[in-house]
Amino acid sequence: MPGNTFGKLFKVTTWGESHGKALGAVIDGCPPGLLLNEQDIQKELDKRKPGKGNLISKRKEKDKVEILSGVFEGKTLGTPISMIVRNHDANSKDYKDLRNIFRPGHADFTYYLKYGLWDFRGGGRASGRETVARVMAGAVAKKILSKHTTIIKSKVINIAYPEAYKEGDSSGGTIEIIVKNPPKGLGEPVFDKLNADLAMAVFSIGGIKGLEFGLGFKSAELKGSENNDVFNKTNNAGGILGGISNGEDITIKIAVKPPSSISKEQTALTKNLKKVKIKIEGRHDSCLIPRILPVIESMIAITLVDHLLRRNAIKL
Amino acid sequence: MPGNTFGKLFKVTTWGESHGKALGAVIDGCPPGLLLNEQDIQKELDKRKPGKGNLISKRKEKDKVEILSGVFEGKTLGTPISMIVRNHDANSKDYKDLRNIFRPGHADFTYYLKYGLWDFRGGGRASGRETVARVMAGAVAKKILSKHTTIIKSKVINIAYPEAYKEGDSSGGTIEIIVKNPPKGLGEPVFDKLNADLAMAVFSIGGIKGLEFGLGFKSAELKGSENNDVFNKTNNAGGILGGISNGEDITIKIAVKPPSSISKEQTALTKNLKKVKIKIEGRHDSCLIPRILPVIESMIAITLVDHLLRRNAIKL
Amino acid sequence: MPGNTFGKLFKVTTWGESHGKALGAVIDGCPPGLLLNEQDIQKELDKRKPGKGNLISKRKEKDKVEILSGVFEGKTLGTPISMIVRNHDANSKDYKDLRNIFRPGHADFTYYLKYGLWDFRGGGRASGRETVARVMAGAVAKKILSKHTTIIKSKVINIAYPEAYKEGDSSGGTIEIIVKNPPKGLGEPVFDKLNADLAMAVFSIGGIKGLEFGLGFKSAELKGSENNDVFNKTNNAGGILGGISNGEDITIKIAVKPPSSISKEQTALTKNLKKVKIKIEGRHDSCLIPRILPVIESMIAITLVDHLLRRNAIKL
Amino acid sequence: MPGNTFGKLFKVTTWGESHGKALGAVIDGCPPGLLLNEQDIQKELDKRKPGKGNLISKRKEKDKVEILSGVFEGKTLGTPISMIVRNHDANSKDYKDLRNIFRPGHADFTYYLKYGLWDFRGGGRASGRETVARVMAGAVAKKILSKHTTIIKSKVINIAYPEAYKEGDSSGGTIEIIVKNPPKGLGEPVFDKLNADLAMAVFSIGGIKGLEFGLGFKSAELKGSENNDVFNKTNNAGGILGGISNGEDITIKIAVKPPSSISKEQTALTKNLKKVKIKIEGRHDSCLIPRILPVIESMIAITLVDHLLRRNAIKL
């Protein structure tokens, strides 16, 4: 199951369970000489911190990053950058009753199916908490992109039921990502197209159900004469042609499902395949969007930096 | 630019330009002992052959496969399977006038940007003709899936302008894929989720602009209590939970843009960045959908088989 | 520079500088359900601990392992296993004078050449201390091999100058490795032959200058009729035929150079390319052999387990 | 069994059985703009052609290369370069009697063990003929190295029994490789050291039993004060320090075993594990050295170019 590494030249490996001792990321392939300190990482981590809003979990995630390697005298060495966050407020007791229950919409069942066992404490590795590691790695990627004056902007298009939490329910929503001033020439023909890798990056985040580039599903309703871009005037393609960035804004629209953990009563299955009624208490976000934004930005930043380094490689 | 290989254990490498000598695929990692002959491949290749319909190119693609290695006495050896198709009816003359022109909506500009040169004969490597190689590899993958009684069904949901070709234009459309009886337990947690790899597989095909799993963008408009599946009754998730297949049908909806090559007059750029009016004559499909279906099926089959072999690997 | 990961299915990523905060390994791809605890790791780590002998450094390396993820209720989860060791007795002061000096025989010069900067504190990432992480990963691999009753034995053939340290010098030596009862059928034809991967594994350890399988250089002096093995009687080949293990003992002979750090006066270069006389004080092993044995065993164990999982993958 | 690809950025995939239809190589990742034609490849292929000497097989290998993709108007496109050689003089009849026999010293037994079947016609994929594909890819790599004025020289140190063929026997021997003027800064710390990758490259060729860098086994007999290099004066290390090339000549010594196919009578095993007496007639080299030299050079060239591209990738 070696599926915990992303990228080919800017390689990010993440590890850690929701209620384990810690979560971490190792970046192998960050170029040497980049100014980097813990504040650069912490700043991004704080963006996915649970706040006081109505949409997000009450779990207090201090999430203090520690850089353990790869940085010396304020600069990256070109060696692996290891970053960790210790788990503190992980209340495993909430989960004891779930030891034998597959929660609806969660990965409990499929993990058990595949591995014959699973960490029932908050989903273990399948928890949204795993994204802490992605944000740490994304912070480094963003630092590199900033040298190319590339900025990733994310905005909420819609949250279907902003007050779903009051009824013990949750809500889906949609997001738009715009990469301003992306480097040109990123992406490889055929399988490793930039859009293919970006799609993989985004769908690798739990809860994503749909994704469009440029006009997306709208372009399926058009004629070629309507959809073809006029150079420098329209950007229906969303900044990528033939799998390679052309320098225009990269635009992506993303559908996020409502969180599966709700306190309303639901029917679940036990390991013995009996039906039981459950209410998932714990502390859960009623909408993924506020906290998923920095995660999506991170995955996009990592993908862009990986292709930035890959673009270097083609010189004779 | 090593971006022409797909898969980790069932590795497919493709090569070939639209108007070069030949196109081919090498599969490294096909298990030994699989019954395989050229008819198995030819049958699938014929599905993407240009026909007599109104939607597809008049280019006569005989596309006769030859298996050059990896099969002995009717069975796979476990060694690389090399398959080629020679190009015959590749009329490069049609393209001579395009030597210095970036066609709108095509990869000409981005390839030139990235590589400093490009094969202007029908898009070279960026041509849809490249997918011949994917279909050859997909045929082998389908043969393996059939041993697991897994079937990939594709259907057209909509073609926006069925008679666009009469006005020298082209049309977009939407497709649905249903994987019936998929193996359970495919997909890896975190980055290599089955849906992430399937998305990458599909977006690696030219012309794809949007993709949804299960309810897709619709789930973004729902509450958790509406979206969460009832075991064995609903399949809003589309057959994948936490990145791992649960055995339910895998359902995918895909947006296909209208082909960029149209015979209507358009404005294009020259290498010297001057605007010119062009009509793209050649022989082009006015809608990608009829011929893209077997390609999408192939990429999905390859992805599923790759994960099938990866699932094997976790045994102690 | 993503060169810090080893293996394809049992993937080991290591990180950490000699005088940084910590060293660690992440294993991605360990199958679920393996009994594993910190003692399993600690036991192996203790083998490379500096002792009281004459050959090895006085640096006190407590090297206490902590498992941060991937193990739950005493069993592996199938998720990444993250292990760290904190650095304690790392006396960076010893190295301050070396900020601008390339030590003879060390990687200082080549790192600087490549990265434009380097961690001068004890070699940073190029230090032998990096092997702590390999031994941690190797301990997990050995645990898996023990289920196959495979044992890796290492023995010293020769230490050239056992008392070199008394004269402020160091000594080379040779080692033999015997893998008893290795699984059959490990290794892939062509590039990923088992011997090729084992050679890479061993040469990836600092200080290795030569390696032989079976009769090695001796076989170059023989006739085919002398060198060809008689089934079940001789094992000149060293347990691997055509890149695949045949079940016989795998035998490897390895040449280890004398450590470059000696307290005898030597001529070194400064960053400004001036010659200076230096004596390397610090605390250094006068022969690598005692502590390199568990490292070599670890790399061999990791390679074998990686191929064990790869062998699983070829089933239809 | 995806073990038929070598390299990470200059990726070479080979395919083909000894007595199949053809042999080929696909290079994915060759930079665009390199002048390349079939003569560049043919020139290298001719070096491994069987000649009139006493040491090498009488099989007539015309081995005429055809480039099928990746080159347009005399220059590489940056897309995959596919090259094939058709098999002509493959006399399978010689092998019919071997259908049920495991030849001593050959991979027949281990392939059968692993795959449950094997191509008994001359070893199939395990045949030395597979190296045709390596030489084709090596020719492209050499073309790239020549732009860096890097030259790979190989020389025979010893052939143990030059007239072994007269007695129906074969002979081992030793080789030295010197890479003159290698690019500096090639190789990655830790696992992907240049020497580790070179060792893997060379051991991936059939018949290699031992390998040394620089002083090799000799350095195991020295003191540090004797072995440490004096800058610009000695090169005991063989051009690589800490896994990274320092610009000095890279020196490698290699032990080649005597070919296993001899016409002297030997005892072999049948599939039913009975002992039989066999004389291997066919047409076989009595010493691998003359024809293995261009193969070793090719693997070294491929490795160096792969690291050349990887060195590019570390720029911010």
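Quick notes
Think of it as A, B, C and D in the order they're written, each chain with its own count starting at 1.
Just so it is clear, contacts are C-beta pairs under 8 Å (C-beta built on N, C-alpha and C of every residue); 3 or more make two chains touch, one makes a residue touch a chain.
Just so you know, these numbers come straight off a predicted model, no measurement behind them.
The two sequence copies chain C and chain D touch through a face in which the numbers common to both exceed half of the numbers used overall. A rotation of 180 degrees, rounded to the nearest 5, superposes the Cα atoms of chain A on chain B. Comparing mean CA positions across the assembly, the chain most remote from chain A is D.
Averaging Cα coordinates per chain places chain C and chain D 26 Å apart.
Rounded to a whole number, the gap between the C-alpha centres of chain B and chain D is 35 angstrom. Chain contacts: chain B has residues 1-5, 8-9, 14, 29, 31-33, 78-79, 114-115, 125, 189, 310, 313-314 touching two or more partner chains.
Only residues 1-5, 7-11, 13-17, 20-24, 26, 28-29, 31-33, 66-70, 72, 75, 77-82, 84, 114-119, 121, 124-125 of chain C touch chain A when the two sit together in their complex.
Contact residues on chain B toward chain C in their complex (touch as defined above): 8-9, 29, 31-34, 78-79, 144, 147, 189, 309-310, 312-316. The touching residues of chain D, counted against chain C in their complex, run 1-6, 14, 104-107, 109-111, 113-115, 123, 125-126, 130, 158, 160-161, 164, 169-174, 184-185, 187-193, 195-197, 199-204, 206, 209-217, 219-231, 237-238, 240-246, 255-262, 264, 266-269, 275, 310-311, 313-314.
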